[in-house]
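Here's the structure we're looking at; comments come further down.
All chains are identified by letter, namely A, B and C, in their written order; residue positions are counted from 1 within each chain.
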Amino acid sequence: MKLKDTVHFEWYKHLLIVFLLAVCIFGSAVVTDADFSEVFSNLDQVGIFLGRLMHPDFSYLPKLLDPMAKTLKMSVVGTVLGVIVAVPVAFLGTTVVTRNLVVTTVMRFIMDIVRTIPNLLLAALLVAVIGIGEATGVLTIAIFTFGMVSQLIYETIETIDYGPIEAAESVGANKVQIAFWSIAPQVLSQIVSYTFYAFEVNVRASTVLGYVGAGGIGVILNSSLALLQYERVSLVILMILVVVAIVDGLSEAIRRRLV
Amino acid sequence: MMRQAGSFRRLAIGLVAAAVIVYCIAGIDFSGLAGFSPEMGMEVIRGLMKPRWSFVYDGSGEDLLSLLVLTLGIAFLGTAIATVLALPITLLSASNLWKSYPWVAKIGKFICNVLRAFPELVYAIIFVKVVGPGPFAGVMAIGVHQIGMLGKLYTEELEAMGEDSAEAMRAVGAGFWQTLFFARVPQLMPIYSSLSLNHFEIAVRSASTLGLVGAGGIGAPLIFAIQSRNWDKVSIILLGVVVMVFVMDLLTGMIRKKLR
Amino acid sequence: MIKFEHVSKVYPNGTRGLDDVDLTITDGEFVSVIGLSGAGKSTFLRSINRLNEISEGNIVVDGVSITKAGKKQLREIRRHIGLISQSFNLVKRSTVQKNVLSGRLGYYSTWKSIFGLFTKEDYERTKQALESVGLLDKLHSRSDELSGGQQQRVSIARTLVQQADIILADEPVASLDPITSQKILQDLRKINQEMGKTVIVNIHSVEMAKAFSDRILAFKSGKVVFDGTPKQLDETELARIYGKNPAMNQDQDASEDDGEESR
């Protein structure tokens, strides 16, 4: 019996994939100096760290409420700003709306580029340019939201039902009218849903933005870590977890009602 | 009447949303913006306009190309570790595999949630302490964080898949592992690969930021360059990161299309 | 031989899936099971290989009680019972060959099957089975590339390599067009007559049940209300089974078929 008659008839394909993966993993391990024995030999370090984390300093809690609220406010404003800018760009980026290859290409290029910059790097850059402060954080979140949401809206518009657009065209509607009367109603609930999703992601992200000086709870996280006050670090992390969980739950509940 | 009630509700929701937004805007300290001066902005833009091309490759191992390769390595190994370790957790937390013992699946899901809850940066800080500063700390941070992420997504896919092919396997007398490998694995393999690829893309982005806390990659030199206002160097590094992320997204997109 | 000894099944929500079913199906019979949606057809069929657990009574397959069988014994009994269903139950991303071969899984150890170490005989059996359903040229095709009728034939081929003595077909033609449905039932009839296998089919169409079977069972709220030859099934009997208007039963919507029962 030959191999090509069996279930392994495509063995060379599978072998090639396994080989490529092995090369990549081995290569990555070499360039990153991976040494897993180190993890196990230093497990006691993890233990000590976790041990100290286990005893959060709850007396510090009142001082955290204000920065946490700041973080939430920054996320709200940043998300709203980002979505406001993202909607028109996404609309212009779709061929359905513009019918102009140059405009769509430029818009999509902007969307793609903004999406590729990691948010922490963006924050670091803006801090250097604008200076330390909450406004920088808001701006970072706004740009980050723009990248995320514009892509999502764009994809939604590309997959909508074309019937109403043709109907509007046949009665002589112009492009702006089509965008408002035929496309917007179809994607509105999606946009609101994406906004809440982005808000969720932003709350997670903004908790660490302070690490580079962009305001909010991350500033406390950074200073407590620098001063080796793990009891406080632990409280900050706990607080972030609780807030993120609440925001996740709330926004999921709202999104489920919408869709 | 119904319509009016609906539009009233809408108006109320809109008002509440507007109130929340205004309250939030009022609560933010915008004074930081005052420190911004147009000359400074121009200086930055001028610097960013002329990337320092000599930094791309100089053979020292500290140049842009080697750092980008290192960043990719961190992301890849981290995602690979996460993928391998997420599989057993998935088996543990999929409720359709534990019909008679639902509590097992709850434990598995709880593990995923806990792992997922910490921001990657916090893992990076922990692992810098454990294995010392360097790229390997970044690998571990990404790996551990993504176990939770992938575990959750894998579980969702496994629970969502139809039970009919698995039932057919059980009907011919196949055991648990046979059912798993003959009915579930072939069906889930493309989705799982796609999810892992997607998380590799995410990991490439995080790997370029983890350098902030000493966990290797392109992040550390970038931060130094920003802090010392070496805008030409910042420019070339940012360019490098953007190109790298862009190319990686294209590549993974192509692979993902093939998986279908 | 399949023996139902006073079998009842009560679902957790209180509905009676089966109500004191007591009958015997002899080897080589072609039995059609008819009745309204939710009457217990699916529960009846799936209790034979214990995909559904029963609450009372005993089911004996070839002299062994499947109700009381342990894990290993259950596996052995199931090897002899093939299952074909409305949704074909193929692994859509696997090749036709792998799907058919999976009928042999009950005969292999876990390790051998995971690495795909099947014997030469089983590869031969696969080819023969595919040949007998006319799909040998699709050996290496992916199952989701086939049409509905072809997919159903692959699942028939799977029961053939399984060398099952009993074939259970749960609405095998409910999602196929009338002409393909005829062909699939002809295939099953052929297998029944030429290989002497017992075939039990759940079916909505009374016409087809009459045309192909030796014996017809009718269910109503979990009870067997008719058990006889196709000839005995006349208008009055049909009225008793389906209620007042027997003409209505032909176009029962298959999609809302015993859904909650089969879970």
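One rule holds in what follows: a contact is a pair of C-beta atoms (placed from the backbone, for glycine too) under 8 Å apart; a residue touches a chain by one contact, two chains touch by 3 or more.
Computed from a prediction, not measured in an experiment: that's the story for all the values here.
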{"item": "Result of counting contacting C-beta pairs for A-B and B-C, higher pair", "value": "A-B"}
{"item": "Of all other chains, the one whose Cα centre sits farthest from chain A", "value": "C"}
{"item": "Centroid spacing, where centroids are CA-atom means, of chain B and chain C in whole angstrom", "value": "47"}
{"item": "Euclidean distance of C-alpha centroids - chain A vs chain B, Å", "value": "8"}
{"item": "In chain C, residues with contacts to at least two other chains", "value": "98"}
{"item": "Contacting residues of chain B [partner chain C, same complex]", "value": "162, 164-165, 167-175, 177-178, 181-183, 186-187, 189-190"}
{"item": "Residues of chain A that touch chain C when the two form their complex", "value": "1, 5-9"}
{"item": "For the chain C and chain B complex, residues of the former touching the latter", "value": "49, 51, 74-79, 81-83, 85, 87, 89-94, 98, 102-106, 108, 110, 113-114, 155, 158, 162"}
{"item": "Residues of chain B that touch chain A when the two form their complex", "value": "20-21, 23-25, 27-33, 35-36, 40-41, 44, 69-70, 72-74, 76-77, 80, 117-119, 121-122, 125-126, 129-132, 134-136, 138-140, 205-206, 208-209, 212-213, 216, 219, 222-223, 226-227, 229, 234, 238, 241-242, 245-246, 249"}
{"item": "In the complex with chain B, residue positions of chain A that touch it", "value": "21, 24-25, 27-35, 38-39, 42-43, 45-46, 49, 69-70, 72-74, 76-77, 80, 112-113, 116-121, 124-125, 127-136, 138, 204, 207-208, 211-212, 215, 225, 237, 240-241, 244-245"}
